[in-house]
Each structure stands twice: as C-alpha cells, then as structure tokens.
Amino acid sequence: MTELLSSLTEFLVAVRGAQPLLLSGLVKTAEAAILAILLGTAFGLIFGLMLVYGGKILRLAVKIYVDVARGIPGLVKIFTVYYLVNQLVIEATGYRMSAMLCGIIALAIHASAQIAEMTRGAIQALPRGQSEAGKAIGLTFGQIQFNVIFPQAIRQILPTWVTSAGEVVKGTTLLSLISVPEFFVAIKEAAAREYIFFSFYLFAMLVYFVIIYGIELFGRHLEARFNKY
Amino acid sequence: MTSQNRQTSGDLLIIENLHKSFGDLEVLKGVNLNVAPGDVVSIIGSSGSGKTTLLRCINLLEEFQAGRILIDGDEIGYRNSGGKRRLMSERAIARQRAMTGMVFQTFNLFPHLTAQANVTLGLRKVRRLPREEANEIARTWLARVGLADKADSYPAQLSGGQQQRVGIARAVAMSPKLMLFDEATSALDPELVGEVLSVIGDLANDGMTMVVVTHEMQFAREVSSRVVFMSEGLIGEEGKPEALFGNPKSQRLKEFLSRTRT
Amino acid sequence: MQSCSVPRLAAGILVAATAFSVAGAQAQQAESKLYEILDRGHVIVGTGSTNVPWHFVDDENELAGFDVDMGKLIAKALFDDETKVEFVKQAPDARIPNLLTDKTDITCQFMTINTQRAQKVEFTIPYYREGVALLMPKNGRFENREAMDAAIADGETVHIAVLQNAGAEDTVHDVISDVQVDQYEEQGLVFEAVDSGRADGGVVDLSNVMWLVKQHPDRYMLGGKGTLAQSYGCAVKPGDQIWLNFANAALREAMNGRTFPEYADAFERWFGERPPAPQTGFPAELR
C-alpha cells in the first residue's frame, strides 16, 4: 500500500516535471485533431453532395476517392502524403509541406471519405418531397440545401460523425511516425526520461479516453439540440 | 370553351398543347387549359390520368417536352434562343415557382422547423422580408387556418389535418398568383378532411385563383367555378360544375362519375 | 540495439518518392548537400526523442543525449557554432525514408551499421560501439556479480530480465549463463522488474547501464559486459561523396583529432567514463 502510494507520488512528481512537454504535446494533438475534423467535415460534406447531385463522371470519381480512402489503412495514408504527395508537391511548386500539415491532410482524407458516405446516405434517406416543398416556395438549390436538407441530414449524421471524430483523435497517435510531436510522443518522451513507463502509458490512455468521451458528450449535446422536433 | 379563351390575354394561367413523357410513357398528350383570375378550377379524373403531373408541370417540378405554360402573361420554364427551346436557369425557375403555391398530398412540411418557421422560410429567403414582418405574416396566416396557438409546434406534434393547414398557410403566405392543390385531403383520416376543405373553400371565396385536383366531388361541385375532367393525359370534358356533373357528355366521364358516386 | 518491427508497408510509397528525388538530384550534378547546408546556414539532423541517454527531452524541455551531441558536433564543424542545427524528431522507422526524401541532411539516431541498411543509405564511420551488459540493483539479493556467480554455482535460481525478442536467450548468455531468463514485452518492464526485485538483474544495452549507473550510483551497478558488439554510425542519403566525406572528417577529428575534448566530454556526460585519448605520432586509426 505504502509502496503504491510512494510510486504514485513519484509518478505525479514526474508528470508535474513533464508538464510543459505534455501540454505542448496535447496542444499539438488538439490542433491536428481539430483541423483534421474541420477539414474532413467540410470536404466530406462537399464530396457527399457530389455523390448525391453530381453528374455521372463526378459521382464515379468521388466514389473511387471514397472507396480508396476508406480501403487504405491510416498509416499508409499518412506515409503516402508525407513521402509521396509531399515530394510531388515539391517537384511541382517547390513548397515543402510540414509533417504536421501532411498528417492533418492524411487524417482529413480519411474523415472526409467517411463523412462523404454518411452525408450521401443521410441525404438520400430524406423523402423527395422535402426538396420539392422547398422548390415549391421558390427556394434555390443552395437555399434548399442549407435550410431544408442539411439540418435534417446533420441530425442523422451526428452519431456516426462523433465516431469519425473519435477515430481522428485516435489517428493522431500515428503522426508520431512522421515526426509530429503530438501527445503520445510527449508521453513516450516523458516516460523515457523518467524511466516510468506503465504509469505514463496508463495516464495517456486516461487522457485519450477523456478527449474521446468529451467529443461524445458534445455530440450528444448537439443531438439533443437537433432533437427538438 | 377552350378555343374561345385561347387568345384571351387576360387569363392568369394559359396552358397550350402541353406534352410530357416519362421515358417512353407519354403522360400528358397535348393539354390545353386556361384559368382566368379568380377562377377555381377543379380537376377530376381517374388515378393515373395525369392530374398530378399536370400540376407539377405548372409548378415546374417536372420538365416537359413540348407546349407552353404562361402565368400572368409570362412563359415559364423555357425560353427560345436561336429557335431552340432551352430550359431556363435554376434561379429563374426558382423565381417563377414562387409565383405559384403548391399544396402536396403528403403535406411535405419541414419536420425540423416549427409551424411558424415553415411559413416564414420562404418569406425570409425568397421574399427577403425582415424577420419581424415575416413572423407577422406567418402568424396572420396561421390564424386564418385556425392554428394561431400552434405556431411553435413542430409538425410531428400536429395532426394530419393541422399539418395540411400549415402546408396551405406556407403556400399562401408567399402571396402566389395561383394556388395548386394536389389531392390535399387524400392522405387524411376522414374526420380531418372537413377542416382542410373548409380552409380551401375560404380561400376560394376570397377570390384566390386556384387549380384543385380532388376526389371530393361534393367539394368540386360546391366550390369550383369550373370542373375539368382528365382522361388518359388529355382534357376530356370541362364546364361549369352543374353542367359537368349534371349532364356528362362522354361515356368516360359518365363511367367515372358513377364509380365515384358509389 | 532497439528492436523495432519496421512496417514494410511504406516500402512501395518510398520507392516512388525516391524516384522523384533522385531524378531531381541528377539534374544538378557536381553539387553537394554540403554547399546547400552551408548556404542554408544550419544543418538538419534526424534523431529520436524517447531513448535515454541517446536522444531524449531533458528537464529543460531541450533535446539531449549522445546522438544529439553528435549532431551539435557536426554543426560546429560546419559553422563553428553548435547551435546551427535543427533536429527533426523521428521514429526509428522514419530514419531511412526521411534521408531519402531529403527531410533530413544526416541521421544520428543510435543506428546500427549493417549491410542491409548500407544498401539503402551510406554510413559514416562509427561513433560508438554498443553491446549488452548486466544491470544489477545495489540493494538486491546479491552484493555483486561474484556473489551472484557463487549462488549460480551453488545451484540457486537467478532471474534475469530481458526485452522479449528472437535472440533474447543468446543476448543474456552473452553476459551470464545458467540463469532463468524472464522476457518482458517492454524495455520499461525490464527496469521495473529489476527495481521491484522480481529479477536479480536485467540485460540491456551497455549504454543504458552506463547511464543508469552514472545517474543513480546508489541504486544500480554494472554486473559485467557482453562480448558481442555493434557499431553506431550516422547515415546520409547515398550518392553524395562530398557530404559523406565531410561528415566522416568531422567525426574522425572528434574521436582522434583536435576536437577530441568535445567528443570526450559528451561521452563522459552520458556514459560516465572518459574514452581513451588519441596518441600523437602515428595515426592509430590506420593500424
């Protein structure tokens, strides 16, 4: 018991000492996750709309993108963007994307594919009468999307969207492989320095759980707001 | 009667030789119809005769292959450019749709919006009225259809009859030149039909120009200024209600009327 | 000596990426990364951040360790300023890909020189020779290695912890024989087994033992070294002899020449002892 207590104290002291390190890692993780979720959601919605309203060729192109993006493992996507796409961009424009940017793009690609598929499903599940009622009162296509279709589709998408957002957060741990100093790297660094391994990994688990659970609560909160009707 | 009114430019709605096909299936085979301002025209006819399709063409929810539709003197949906018939831009079509109000058989209310917000959406986004003014108009119309106390209810909290009355308020609030009703009461429980018909009757009495597709013969007889019988994609017969119902000329109409009476 | 399972999935991607960068490099012949670095004003060194005492984040949140000091040493050789270096923290898996795609100029990350890797990158001369050693707790079951050997001779069971891998038994036997080998899945667990007394000692990298003994002389002692050795070298992208020569010159002079004190200070800082000083007269490295 006292042994446990003393090792706990030791760990807390170590966490305190590693605070700046862990905090900067957490900020990086949050930054990557938030940007990837935002980008992934924006593009996912656009791709979803293309799947619903696009012409034959556009639909086929997006469908291929979605299937490929969903079929490739996350790590391969990250490596592909970091090593291959980055190289192509450098050859073409001379601009070198940072590892962080590459990671965000790779995570966003995955999320966008998931969200595109959800969006397509949600919109196509709406009765045709909804857009016709919008047309009948003179709304334009865009107005119908924003005022009639999206609000209803979003409600349908939310629960799966929360799952996707959680996946992005989990995916940020892969970014350590391309040198992004995210939270799990900070944990490994702190653990290595202090020679305290398990407690730090347990601590990391706890933090990730809290973040993902937080997203879930946020999703439920949104759902409750959309669930008025 | 049709040919008589053809050239009259005072008509609010003019349909000339309207042809509409779904693929190989020709549904409207050259429909001609004129509606004068203040007219209430009921369209009757057996299921599949093209009534809904006709209304949807007037509201540009369907494209059509030939013929012209004019509302208040303006041809809608298509324009001629270099001798070619071209569909108008999406925006232009949206503007033209706002001239007609449509009431659907299945209500098609927006489930995520309150009754009031269902009515104000078009006022705010299409007519671009300020929020207060739109709310004012919405409340007035909801009161007119007897739903003053349901302004903040969501569609799911309303009965079918109440929902359809919101649907009517949503359409008329836009001050359309022409109202279209597509079997507005067919999806309702029988005991709720009356409240909706009386709202439509009220509008008719106020002088609103209307085209009403209905199976309610009693209603057609009492409210319409003219009744049109559609049969196999064409207008079979038309006339004043008492003439059409009292003295049907064609065999088809006779059969149709005898079937609906029983 | 870390055993990381390199995910092979990046291999194809890498081949394609390299094709582009190689094509680019060929277009500008008779040039060298060396001049590019000098123009840029700083050198980009790839290293890790999670292995004490090689490369880790210290209490001041700075990258520190022997590999890091090698990077600074190269910066000093280039610019006469050890701060003219940008470290790219990378996972061991990323060492070679990052070199081949020019994300790093040179990698110093406890990289074992072997001939498979030498087919993909070019190694500098080695700057450390790693082996394994026995880490013993000061307050453990045995006073010292002699006491442990005596107990083994008496037929007592002695538990030795080691990181789980294919050659784990051989690794232990390089340092000590006739013991019970307990394999653990994580390096951290090996230390915890030693700390908690579950194991009487642990066989880990020599550098780790040296560092721990230096840091906590009251807690740990060296229980003997193994004989099997492997060399750590820095690595560069292949095909740039000018840059490789420069890196070699910098390291060689640090170990055998004018800059030896810097190398020796670093060595002592992380491994607790001073390496043998170069002798004047005949250059011993040619012997």
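Going in written order, the chains are labelled A, B and C, and every chain counts its residues from 1.
Here, a contact is a pair of C-beta atoms (placed from the backbone, for glycine too) under 8 Å apart; a residue touches a chain by one contact, two chains touch by 3 or more.
Because the structure is a prediction, the values reported are computed rather than measured.
Novice: What chain is most central when centres are computed from CA atoms?
Specialist: Per-chain C-alpha centroids ranked by distance to the global centroid put A first.
Novice: Please flag the chain sitting at the greatest distance from chain C, going by CA centroids.
Specialist: Result for the farthest chain: B.
Novice: If you average the Cα atoms of chain B and of chain C to get two centres, how far apart are those centres in Å?
Specialist: 82
Novice: What whole-number Å value describes the gap between the mean CA coordinates of chain A and chain B?
Specialist: About 47 Å separates the centre of chain A from that of chain B.
Novice: Using the average of all C-alpha atoms in each chain as its centre, how far is it in Å between chain A and chain C?
Specialist: Centres of chain A and chain C (C-alpha means) sit 36 Å apart.
Novice: Give me the residue numbers in chain C that touch at least two other chains, ranges are fine.
Specialist: There are none in chain C.
Novice: What residues on chain A touch chain B, complex-wise?
Specialist: 127, 129-130, 132-141, 143, 147-148, 151-152, 155, 226, 228-229
Novice: Looking at the complex, which residues from chain B come into contact with chain A?
Specialist: 59-61, 90-91, 94-95, 97-98, 100-102, 104, 106, 108-113, 121-122, 125-126, 154-156, 170-171, 174
Novice: State the interface residues of chain C toward chain A in the complex, per the touch definition above.
Specialist: 7, 9-10, 13-14, 16-17, 20-21, 24, 49-52, 56-59, 61, 88-91, 93-94, 97-98, 101, 103, 186-189, 191-192, 212
Novice: Inside the complex, what are the residues of chain A that reach chain C?
Specialist: Listed in rising order, the residues are 17, 20-21, 73, 75-76, 79-80, 83-84, 86-88, 91, 99, 176-179, 181, 185, 188-193, 195-198.
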